[in-house]
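Note sheet for the following structure.
Every chain is named by a letter (A, B, C and D) in the order it is written, and numbering of its residues begins at 1.
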Amino acid sequence: MSRAVFQVRIHGRGGQGVVSSAEMLSVAAFLEGKHSQAFPSFGSERMGAPVMAFCRIDDKEIRLREPVGEPDALIIQDTTLLHQVDLFSGVDAKGYLLINTSGDIAQLGIGEFVARFPAGHVQTVPATELALEHVGRPVPNAALLGGFAAISGEVSLDSVETAIREKFPGAVGEGNAKAAAAAFHAIESQR
Amino acid sequence: MLKQIEGSQAVAEAVAMCRPEVIAAYPITPQTHIVEGLAAMVREGKVGTCQYINVESEFAALSAAIGASAAGARTYTATSSQGLLFMAEAVYNASGLGLPIVMTIGNRAIGAPINIWNDHSDSMSMANSGWLQLFAETNQEAVDLHIQAFRLAEQLSVPVMVCVDGFILTHAYERVDIPDPDQVDRFLPGFEPVQVLDPDDPISMGAMVGPEAFMEVRYLAHHKQMQALEAIPALAADFAESFGRESGGLIAPYRTEGAETVVLALGSVNGTLKDAVDEMRADGQSVGAIKIVSFRPFPLAQLREALAGAKRVVVVEKDLALGLGGIVASNVRMALRGLATPVYTVIAGLGGRSITKRSLTRVIAAATTDTLEDPHFLDLDWQAVDSELARWKERRRAGPIAENLLREMGLVGHRPHGTEGPTS
Amino acid sequence: MSQRVKFYQTGTFTVGNRLLDADQRTVQATRERNNSLTSGHRACQGCGEALGARYAVDAAMRAADNRLVAVNATGCLEVFSTPYPESSWQLPWLHSLFGNAPAVAAGVAAALRAKGDTRTRVLAQGGDGGTVDIGFGCLSGMFDRNDDVLYICYDNEAYMNTGVQRSARTPAAARTATTPAVGEHPGNVMGQGKNPALIAMAHEIPYVATASVADLHDLEAKVTRAMGMGGARYIHIHVPCPLGWGSRPCDTIMLARLAVESGLFPLYEAEHGEVVDVTPIRRRVPVEDYLRPQKRFAHLFRGEGQAETLAAIQATADRNIRRFGLVPEEVS
Amino acid sequence: MEHPFAISLDVGSSLANHTGNWRTERPVYLDRLPPCNNACPAGENIQSWLHRAEEGDYEGAWRVLIADNPFPAVHGRVCYHPCEDACNRGQIDETVSIHAVERFLGDEALKRGWTIEPGPDTGKKVLVIGAGPSGLSAAYHLRRLGHAVTVREAGPMAGGMLRFGIPKYRLPRDVLDGEIARIAAMGVEFVFESKVEDIPAEMETGGFDAVFVAVGAHLAKRTTIPAREAGKILDAVSVLRDMETGDPPKLGRRVVVYGGGNTAIDVARTAKRLGASEALIVYRRTREQMPAHDFEVREALEEGVLINWLQTIKQIDATTFTVEKMRIDESGWPQPTGEFETIEADTLVLALGQNVDTGFLESVPGVAIAKDGVVEVDAHMMTGRPGLFAGGDMVPAERTVTVAVGHGKKAARNIDAWLAGGTYDPPPKHELADFDLLNAWYYTDADQSVQPQLDIARRASTFGEVVGGLDETTALFEARRCLSCGNCFECDNCYGVCPDNSVIKLGPGNRFEFNYDFCKGCGLCVAECPCGAIKMVPETT
């Protein structure tokens, strides 16, 4: 009996690579021989608007076509969304939360909410800073995927790096892969 | 070759492998990524001598396709929604002229209110235009149907729409087995038109036909659709043999053996539906599903046979014939004419409304106990509707429905009453 | 661009002349002409469009060495030439819709290019309604893409096929079914309409010309010149309609001639948006000479007449003459 | 190609649809009578020979021309060309210079030595009396018809008034001689200085089957002017005749010519050439009323001839002439004013017209002489005596060379018919090609060609030809100015302008025909035919 589908929801703003992030995550899973499905919260959002994307990972064919309402993991690319959008809808306390911030959870005002999660399921990573450092642009998506690999174990860092390089050939891909690796190791080191 | 790939890109790659000679394209969400992908491939020289025409409208897109096809070129275009309506005149014209154009429809709702999200209103509006309409459940099937569509179109000299759910499929990254170009070449021979604009053998195409022959012309077009009822399963079988996987056909039953309740749907919702069937079967309920791949021609006999053992039929459809109800359900009722089998209509997913497994399960369950109203509007916000209806009753005049509803739902600024402008 | 031949009694103006060298004769003068639009069509007696179409397509056929595909917009020309079961065309010909001929032709051209057929050329044609009104978007698109198509508009100045309704080419004061000759300002409204040749020029396509069914040498020279070029080309041909204009069938060419000679229909050609040649007026006439034989203008001459309107129409002609330098001595 | 039912059609299949049944009127081709032909006293088919000349087929053109007139080189010089007065082109720009082309063709024939074969021998003999233009013309035409012809001429040379009435500077004698010689070469027998006095006797002895009399009008009219002392008075006919036969007449330094016709002009101009310092024409009416052709008056004035209009000579006193001024009354007649002047002159030449010498005819039974001294003939040019025909200046008609030549032709045809025991009925004339039947738009703008003229200085002292001929290029150009009124010249307009493609072009020289299967009867071909060679006729069924 195969295990149940793993569902990820990524929140961010238009221009932050939210959709690419879901796509790269699905590619990483595909590279490991898994079935995966990535899709955006379809819309006509422009730069800066709140956006979502979804990714499902499974060992068998994924037939379900509905948006991810009850994610197993939530990736939050922009903390400014925390109090504007119902980010945590459908998230149960067994899930994972990965938040892009250079600060700590306490500063975000969600301490009470995250306290219910198992240890290590809620992590922050300074993805924007890592992106600036490795890519030269404040695009946190790749770094967060590295972090996701670290907290969830659903995909390996290797696969994430390969997926990133596939999506962004050349120096951009390399920089993003490095940012992902840096995030991965930063979280690993926090454990 | 397996790829984790966006649906649009997969379709673009499949189309490219079919070696179209002319592609006419106009952007419209959610179809756009397909023609963008093809534009790149044509520019890179990956599609032979294919000519890519950036037209100024969908009307021009299909018109250019008509010209190209009449000149003997394998021709492709794609559109969605308003775009399909804008080319409506040409849609009928292409089929009337018997031109085997293949067109992808990235299915999307039709405004007003403008809405870029998925439903099947666009394809349904052209269901009786003389084109064949094949609906894909997955991106794999979308790829496979395009390959079959060119052969089918050219075999019968009739245009084919391959309907792919906008966003849900077109924008979804998933695993697709992209066929080998040689494999496609073997399956799809070169285009040999039955008529072509040729200076060495000129003809006049597109005559004006009066009452003395118009009925016959229409009958013959209908006859082609009837021929397609045989050609489509044969093609699917041939495809399965060539590519080693099932795709296409007229209909595809899922766990219908012994099912008392059979749920019918077009397109991608069949995936969710299958999950729901599995769940309900696991729960001991006698439920099955049938995917209708070919909406035109509509497989009346095949459905009647497949539904012979069903006690009831539920049609989940992403369209609404205003003033009537379900379009697919009406067609299904025709398949079951003379039988007492109840057919429930579930109008779902209009304008991109999510169709969740939970909701599907709920309405199917209601159907199994024959407690489902017909038609049923899946996950309709009755509070919003009732509130607007109450307002109508109060003011005896309908306003802009969409705006009022959004206000009701608190999604746009709510102005105090009395500031909307003059009322009766 | 007139092909002026040396003095031969009637060299430049008649269709042919036994005295002319073969290469100076018109296509229409030859027994070998293609008769692309042949006998048995159902155009009205004295139809200018039927004539213009044969003139233009035959010339194009010769220029294309008989390898030509025509795309036809819906309209009179289409209806009278191809009612089932008979076609009057003698070349590969396709009719699709009213407003899409330019796009269909673009598709044909693309198909030929895809197939590596560099010999076969594409011509699209339609009336003024199909071209200037309903088909204008597609036409502009064709110009924009510089598709390798010669588009010919046969301008008879209204929707004749449907019973003479106003188009954007209907001239000021003309009576049509939708601009009846009643009220204070009878006929078509002054100051409306569009000039597709000038708009085509604004696209800076390789070639734009106006021509008249009254000047065959000029018309054929322009078609031939256009066919010698690639890319999007546009020729606008004035073709009187006895039905819609209320004129005698035998006056079709005379009226076309008077339109040119009055200055109301200037003949010129342009390359890449620049006028390169004009056909001068030979015997200038007042617009009244042109208007009077047409019943669609009868209200201008009835009772008190419409002196102001006539003056305004004359002013239009005068403006054309100034603008294009149609009367050489008036230019300086 | 196999193609779908109904929506695709075979090319050209509309040929099955015969739209000819739409027609209520049908176009038909016809030849109309061009006004030039209609006006030509010699009955030349001018349009036809111009048509050939347009193609550069000068011999062909010439042969069409001489079918009617054996003297193209002469007529191209001296005919007053009523054809040009009638020419429709005059309403567009200027008339076609028909005479100039005719002259070119005539000169070309002389230059190239083109000859004419007589017709097959009929065994009939015809006597022609008078070797003037009419007699020569009759002789020529009779020979063409195969009859044996003898010409009896009282004078020493053939030519009549061509030689004795028209000065050399208008008609060089080598030209005249050349064209006469061509007639002689056809086997016409000439007997000169042999006046015929008794026609029936001559017929009898000569075995002539018919006679054509054309002795002209040679008797100068005279007027009575009171003379105190008679001065030197001559008549114009004698002066001009003397120019040809004997010594040039002695006219003196100052010459007055009395009269207003072409002969008066000719004499005045001759006088200038003979050295007169003053040649003055006195005429009692205005310039506009002068019978002389304007171009001759103009040329005369150019050469220094003086003309006193509105004067009559009232009295002669040796070299002093008293003239009275005249005025024109309301009805156009000159009236005396009572104002007098005197003119000094050495010679007075009377140019007041000529009468016919009909003495030898008066005794012929059946021949009627009219009051004004001319011989009456019927519509067949025959006098009251069967077999005796007459023409030229001696019968009632305008007295011009061309009329005379026309008479010769007409008489020849009638004689020919009479000899065969019948009568000559000319074919009915076609309807006239009036200007309003033309579509003048189509004709290229082209001004009339100008013939070169001899310098004034040389005209004063020599008898060199005043008006030169056209060179080939110019003659061709002029020929091509012809509108071809009423006669198809294969411009292809009908073939081109038919919206129904229902004109069949039969190829060069064969014109066109209508395909009535498809012709809808719109009439565009008629409207756009430049030359009016098509007309619409009602469908009869």
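In this text, contacts are C-beta pairs under 8 Å (C-beta built on N, C-alpha and C of every residue); 3 or more make two chains touch, one makes a residue touch a chain.
Here the structure is a predicted model, which is why all the values come from computation and not from measurement.
A centroid comparison over C-alpha atoms places A as the chain most distant from chain D. Closest to the middle of the protein, by Cα centroid, lies chain C. Across the two candidate interfaces, B-D and C-D, the one carrying more C-beta contacts is C-D. Per-chain Cα centroids separate chain A from chain D by 113 Å. Look at where the CA atoms of chain A average out and do the same for chain C: the two points lie 65 Å apart. Chain B and chain D, compared by their mean Cα positions, are separated by 92 Å. Separation between the centroids of chain C and chain D, computed from CA atoms only, is 50 Å.
Counting only residues that touch two or more partner chains, chain D has 6-7, 9-11.
Counting only residues that touch two or more partner chains, chain B has 97, 198, 202-207, 209, 213. Chain contacts: chain C has residues 81-82, 84-85, 87, 89-91, 93 touching two or more partner chains. Those residues of chain B that touch chain C in the shared complex are 21-22, 24, 48-51, 53-57, 59-61, 63-73, 75, 89-90, 93, 97, 197-199, 202-210, 212-213. Remark: chain C residues 7-19, 25-26, 28-29, 31, 35, 37-43, 45-48, 50-51, 54-55, 81-82, 84-91, 93, 216, 242, 248-254, 257, 283 touch chain D in the complex.
Contact residues on chain A toward chain B in their complex (touch as defined above): 22-23, 26-27, 29-31, 35-40, 42-44, 62-67, 69.
Partner chain B is touched in their complex by these residues of chain D: 1-11.
Chain D makes touch with chain C in their complex at residues 6-7, 9-19, 22, 54-55, 441-444, 446, 477, 480-482, 484, 489-493, 495-502, 505, 507-508, 515, 517-518, 520-524, 526-528, 530.
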